[in-house]
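For reference, the structures are reproduced in the following blocks.
Below are two complexes that have subunit A in common, paired first with subunit B and then with subunit C.
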Partner chain A sequence: MKTLRLVLLAAGLALGVIAYRVQIHNLGVFTTPARASAIVIGAWLFLVAGIVAWSRRPANRLGPLMTAAGIALLLRQLRYSHDGVLFTVFFIVGELSYWVVAHAAFAYPSGRLTDRLERLLIKSGYTITFFFTIAILIFYDGSRPLRFFDRAPRGSLISISGHGEVAVTVQKAFVIVVWGILGVVAIALIVRKLVRATPRARRILAPLLIAAITVGLRAIFESVFTFVERPSAILYEYLFWWQIAAFIALPVALLAGLLRARLARAGVGDLVLELEGTPPQGIRDALSRALDDPTLEVLFWLPERNGFVDAAGRGAELPSVDNRTITTLENAGEPIAALVHDPSLLEEPKLVEAAGAAARLALENARLHAQTRAQLEQVRESRVRIVTTADEERRRIERDIHDGAQQRLVALALQLRSAQRRLMDGSDPEVDRLLAATVNELQVAVEELRELARGVHPAILTEDGLAAALESLVSRTPFPVDLDAAEGRLPAQVEATAYFVACEALANIVKHAGASSAIVRTVRQNGLLVVEVEDDGIGGAIAANGSGLRGLADRVEALGGRFRVESPVNGGTRIVGEIPCAS
Partner chain B sequence: MVLGLILCDDSNMPTALIVDDHAAFRASVRTLLQDEGFQVVGEAEDGRSGLELARALDPDLVLLDVALPDLSGLDVAAGLAGGRSKVVLVSSRRPEDFGARFREAPVLGFIAKDELSGPALSDLLEESL
Partner chain C sequence: MRVVVAEDSVLFREGLVRILGEGGFDVVAQAGDADALHRAVISAKPDVAIVDVRMPPTQTDEGTRAARQIRERHPEVGLLVLSQVVEAKHAMELLSESPEGFGYLLKDRVIEIDDFLEAVRRVGRRGTAIDPEVVAQLFGRRRAQDPLEGLTAREREVLSLMAEGRSNRGICDKLVLSPKTVESHVNNIFTKLRLGPAPDDHRRVLAVLAFLK
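Let's turn to the complex of A and B:
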C-alpha cells in the first residue's frame, strides 16, 4: 500500500509538470505561467494532503478520495490538448474531477457519505455531469469554441458535425444545472451539515466546509455568467484567483484537521503529568481538555451496584441519545469507567484510546473515590429513611393513642358520669363518692395519655404545620417565650426535625438553664430552614454530653443539615439547626 | 355514614345530632344528652354524612368532633355556619393542640371530651343566650 501511495505521489508530481505544459502550449493567451502553475499547485496540494491522510489513517477512505481528487484535477488540464483522444477522454474526466473534490469535502472526516441527501447530491453530480459532457462532445465539431477553451478547434471522437451551436448551448445548460443549481444545493447541504453538527464536530468541520462553500460560490457565479454576453476580464481574473485560493484552502483545511488530531494526541503526554496532581473530581476537566470535548462526562463502574455512578457517587444511566457516544474503558476485562462524549471523537479513536490509557490509573482512583461517595450516599439515604420512618411511626403511635385508649377512657368517663348522675338520689353516698373519684382518676389518665401522645408527635404539626405547632409548644412553656415562626408548609420530616429541635431546646431550658425568657425563631433562607432557640440562662451546655442534643444533631445531620450549640458559661445558650428544605 | 335517624319529633324537647367516628363515645354522649333533656335525632360517623344530616334535620345542637376521618370538624362547622343549629366542637385533645383555624371556627364553643357533662354543656348553651 505504501508503494502504491509513493507511485501515485510520483505520478501526480509528474502529471503536474505535464498539466502545466499542456496549459501553456495549448491555451495560448487564455492562460499565463502564473495561472497554469497555480492550478497545478492547487491540485498537488490535494494530492499531498490525500497521501498524508492515507498514510496516517489507512482505514479511512478520505485519503484515497483526496488523492483521487488531486489526480483528477491534474488530469482535467489534459483536456486542453489539441490531440483528439486526450481532449475527448479528459474533457469527461475534467468535469467529473470537481465532483471528486465535492465527494471528499462531504465525506470529511470519516471518508464516507453518511447522509442520504449528501449521497444523492454526489451521485447526481457524477451522473448528470457524465451525461452532459458526453452530450457536449457529441455535438461539438470545432466550429464554435467551448467555454474555457481557446478558439482553436479540437477533434471530439464522438462528434456529429454541423452542430457546434448546439454543443455551446448544451454546455451553457450544463453550467446552469450542474454548477448553478447543484452548486446551490451543495452549499445548502454544507450549511445544514454545520448547523446539525455537535459543537466539537462543527469546530473540526468548519474550516474545510467554509473552503468548500467558497468553491461552491465560485461555481454559482460561473453559472450566472452564462447569461452575460461578455463578462469583464478583470472580474474573471478575480474570480480565477478566488477559485485558486479556495482550492488551496480545501486541502490545507484537511491537513489542519489532521494536524489538530496529532496535536491532541501529543497533548495526551501532558495529560499524564497533569493527572498526577489532579484530585478525582478534576479528572473529567483534564480529560475534557485533552479530548477537546467540553461536553465530556465520566461515569464510573461499580461492580457491587452492577451500574455506573458519577464522580459524586450518584447513580447514573448511560445516555442513549444520538448526539452522545460512549467509550468504555476497561482494565483486565473489567470496566472501570465510561466516557460519554461527542460522536465526532469516534473519528479519532487513537486519541480517545491514548487519553483513556493515560488516565487509567487516575480513573481507577477516581472510581474508588466514587465508590466511597456512593457508599456514603447510601448511608445518607439510609439515615433519611430512618428519620422518616421513625417520624411515621411516631405519628402512627400518636393516632393509635388518640383513637384507641384515649377514646375508650373518655367514653368510660362519660358513662360513669351518666351513672353518677342517675344515682344522685343520695341513697348511697359511698357509691357516689367512688364514682366521682373514678371519673377524676380517668380524667388524670386521659390527660397523661394526651401529654404522652403530644410528646410522641403532636397532631397539630401534621395538621397545621410547624408555625402552629411551635405556637402551641410555646403556649405550654412555663416562662415567656418570644416566637417568630416562618409561615408555610415544608416537607414533613423537615417540619418534624425543626419542631423537635425547638421542643428539646425548650425542655432543656426548663430543666437546666435557669433562664427567665427565651426566643424561638424559624427562617427560610437559601434553601434552608433555620431554627434557632436562644435563652438568657447559665449557658455551659455541650452537645456531645447531652444525649438529647446529640440526638438532635444526628437528626438534623441525617437530613443533610448542620446543628450547633453556642453556650458560653453564664452567657446563655443558642441552639441552631439548619435543615435543607426542597422549596 | 348516617347511623341513626329519628323522624318523629317530640316538639317540646331540644334536638341534637352527634358527629363522631368513635362508636363508644357516641353511645356515651347519646345517654348524656338524653339525660340532659335532649332528643338525639341522629348520629353520623364522618364529616360528609354529618353535614348531610345536619342540613336535613336542622337540629338545635350539633356535637361535632374536630378530628373526623374524611373532612375536618372545622370544615363541617364552616359548612353549617349561618344555620340555625348551634355547633359545639368536642375533642380528646386540648384547644392549644389546634391552630388558628380552630380559634376562628364559627361555633358556639369547645368542650374537651373528658370534660363533657350536662353542666358543661348547659353553661355553654346559656352563655350563648
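Let's turn to the complex of A and C:
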C-alpha cells in the first residue's frame, strides 16, 4: 500500500508538470503561468492531503478519494491539448474530476456517502456529466470554440455530425444543469448536513463544508454567466482566483481536520497527568475535554447489579437513540465503564481507545467508588422502605383496632347494658351488679384500645396532617405546651416521623424532665422539615442505645435527616429533627 | 321523635336501634352506607340522623362527608355524629356554621344509655351535644395566663357541661345541684370570662366554644 501511495504521489507530481505545460502550450492567451501553476498547486494539495490521510487512516476511504480528486483535477488539464485523442478522452474524463472533489467533500469524514440524497446527488453528477460531455463531443466540429477553450479547433474522435452551434448550446445547457442546478442542490445538502450534525460533528465539518460551499457558489455563478452575452474580463479574473482559493481551502480544511484529530490524540497524553488526583466525579470532565465532546457521559459497570450506574451510584440505562453512541471499555474481558458520546467520535476510534486506555485506572477507581455509592444508595432506599412499610403497618393496625376489636367491644357493652336494664326488676341484685361491673370493664378496655391505637398511629395524622395531629397531641399533654406548627401536607413518612419525634419527646418530658412547660415547633426551610421540642426541665437526656431517643434518631436518619439532642444537666432539653421533604 | 341510623356494623346498629326504640324513639330508617343514608333522609324526613364517621367503601371519612352534605342540604335535620375517636378540630369544623341540632360523640357514649338518649333528644330539639373528650381537649389546649385559672373547680365543671351543650336542667341533674346554684355558677362564669350576660341554653354553647377555641 505504501508503495502504491508513493507511486501515485510521484505520478501526480509528474502529472502536475505535464498539466502545467499542456495549459501553457495550448491555451494561449486564455492562461498565464500564474493561472496554470495555481491550478496545478490546488490539485497537488488535494493529492498530498489525500496521501497523508490515506497513510494515517488506511481503513478510511477518504484518503484514496482525495488522492483520486487531486489526480483527476490534474488529468482534467490534458483536455486542453490539441491532440485529438487527449482532447477527446480528457474532455470526458476531466469534467468528472469536480464530482470526485464533491464526492470527497460529502464523504468527509468517514470516506463514505451515508446519506441517500447525497449519494443520489453524486451519482447523478457523475452520470449527467458523463453523458453531457459525450453529447458535446458528438456535435463538436471545431467551427465554434468551446467554453473555456482557445479558438484553435480540436479533433473530436467521436464527432458524428458537425454542428458547432449545437455543441456550444449543449455545453451551455451542461453548465446550467450540472453547475447551476446541481450546484444549488449541493449547497442545500451541505447546509442540511451542517444543520443536522451534532455539535461536535459540526465543529469538525464546518471548515471543510464552508470551503465546499465556496466552490459550489463559483459553479453557480458560472452557470449564471451563460445567460450573459459578454461577461466582464475583470469579473472572470476575480472568479478564477476565487475558485483557486476555494480549491486550495478544501484540502487545507481536510488536513486541518486530520491535524485536529492528531492534536486531540496528543491531548490524551495530558489526560493521564490530569487524571492523577482527579476525584471520581472529575473524570467525566477530563475525558470530555480530551475527546472534545461536551455531551460525554460516563457510566460504570456493576457486575453484581448486572447493569450500569452513574458516578453517584444511581442505576442508569444505556441510551438507544441515533444521536448517542456507546463505547464500552473493558479490562480482561470484563466491562469497566461505558462512554456515551457523540457519534462523530466513531470516526476517531483510535482517539477514543487511547483516551479509554489512559483513563482505565482512574475509571476502575471511579467504578469502585460508584459501586460503593450504589450500595449506600441501596441501603438508604431500604431504610426508607422499612420506615414507610412500618408506618403503613401502623396505620393498618390502628384501623383494625378501631373497626375490629373496639367496635365489637362497644357493641358487646351495649348489649350487656340492655340486658342489665331488662333485669332491673331487682329480682337478682347480684346479676345487676355483675353486669354493671362487666360493662365498666368493657368501657375501660375500649378506652385503652383507643389510646393504644392513637399511640400506634393517630387517625388525625392520616386524615388532617401533621399540624392538626400535633395540636391534638398537645391538647392531651398534662402541662402547658406552646405549639407553632407549619401548615400544609407533606409525604406521609415525613409527617409520621416528625409526629413521633414530638410525641416521644413530650412523653419523655412527662416521665423524666420535671418540666413546667414546653415548646413544640415545626418549620419548613430549605427542603427540610425541622421539628423542635424544647422544655425547661432538668436536662441530661441522652440518645443511648435502646432508648426511645435512639429509635427516633434511627427513624429520622433513615429518611436522610439529622437528629440531635441538646440536654445539658439542669439546662432543659432541646430535641431537633431535620427531615428532608422535597417541597 | 323520628330517627335515622347510619351504621355499617350490624351488631352495633341493632343494639342502637333497640335502645332507641325502648327509649321511645321512632327509628324510621336504617342505612349501611352514605348513599342509603341520603335516600333515608330524603324519604323518611327524620328529626335526627345518627351517623357513623367511618363507613364503606373506604372506611375513612365517608360519614363525615355525608354529615356535611346533610347539614348543607337538610339543615332542618338534627345530626348526631358518632366516632371511634373524637378530635376537637373535627368538632369545630362540623360546628363552624351552627351548633343547632348538632351532636358529636364517641361511640362508646352509647353505653351510658340514659345520657345518650338525652343527647339524641337534645339534638332533635335543635340543641347541641359535644363529647366531654372534645371539651377536655379544648381545656387542655389552654396556655399560660389562662383566664380559666380564675374559675373554681365547680365552675369549671359547669363550664364543661355547658360546652357539651347541656341545659341548666341537664347540668342540675348531672351535678345534683339546685337550679338556683347552677344559674349563679353560670352567671359567675360569664362574668369572669367577660362573655357578657349569659344567653339561653341554645345560644350559649357557641359563646362558650368560641371562647375555648
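To be clear about the criterion, the second predicted complex is superposed on the first by the 529 of 583 C-alpha atoms of A that agree within 3 Å, B and C clash if a C-alpha of one lies under 4 Å from a C-alpha of the other, contacts with A are read in each partner's own complex, and residues count from 1 in each chain.
Everything that follows uses one rule, which is that contacts are C-beta pairs under 8 Å (C-beta built on N, C-alpha and C of every residue); 3 or more make two chains touch, one makes a residue touch a chain.
The structure displayed is predicted, hence computed values, not measured ones.
> Evaluate whether subunit B and subunit C can sit on subunit A together after superposition, giving fit or clash.
Subunit B/subunit C on subunit A - steric clash.
> Between subunit B (first) and subunit C (second), which does A:334 come into contact with in this model arrangement: first, second, both, or neither?
So A:334 meets neither subunit B nor subunit C here.
> Contact-wise, after the overlay, does A:402 reach subunit B, subunit C, both or neither (first, second, both, neither)?
The answer is both, since A:402 touches subunit B and subunit C.
> May I ask you to decide whether A:317 touches subunit B, subunit C, both, or neither, giving the answer as first, second, both or neither?
neither
> Name the contact category of A:464: first (subunit B only), second (subunit C only), both, or neither.
both
> Of the two partner chains, subunit B (first) and subunit C (second), which one does A:304 touch, if any: first, second, both, or neither?
neither
> What part of subunit A is shared between its subunit B contacts and its subunit C contacts?
In subunit A, residues 402-403, 406-408, 410-411, 413-415, 417-418, 421, 442-443, 446-447, 450, 454, 458-460, 463-464, 468, 471-472, 475-476 are touched by subunit B and also by subunit C.
> Going by the contact rule set out above, which residues of subunit A touch subunit C in the complex?
Touching subunit C: residues 399, 402-403, 406-408, 410-411, 413-415, 417-418, 421, 439, 442-443, 446-447, 450, 453-454, 458-460, 463-464, 468, 471-472, 474-478, 480-482, 517 of subunit A.
> Provide the residue numbers of subunit C that touch subunit A in the complex, in ascending order.
Result: residues 9, 11-12, 15-16, 18-19, 22, 54, 59-61, 84-85, 87-90, 107-108, 110-111, 113, 137-138, 140-144 of subunit C touch subunit A.
> Subunit B touches which residues of subunit A in the complex?
402-403, 406-415, 417-418, 421-422, 442-443, 446-447, 450, 454, 458-460, 463-465, 468, 471-472, 475-476
> Please output the residues of subunit B touching subunit A within their complex, sorted ascending.
22, 24-25, 27-29, 31-32, 35, 67, 72, 92-94, 96-101, 113-118
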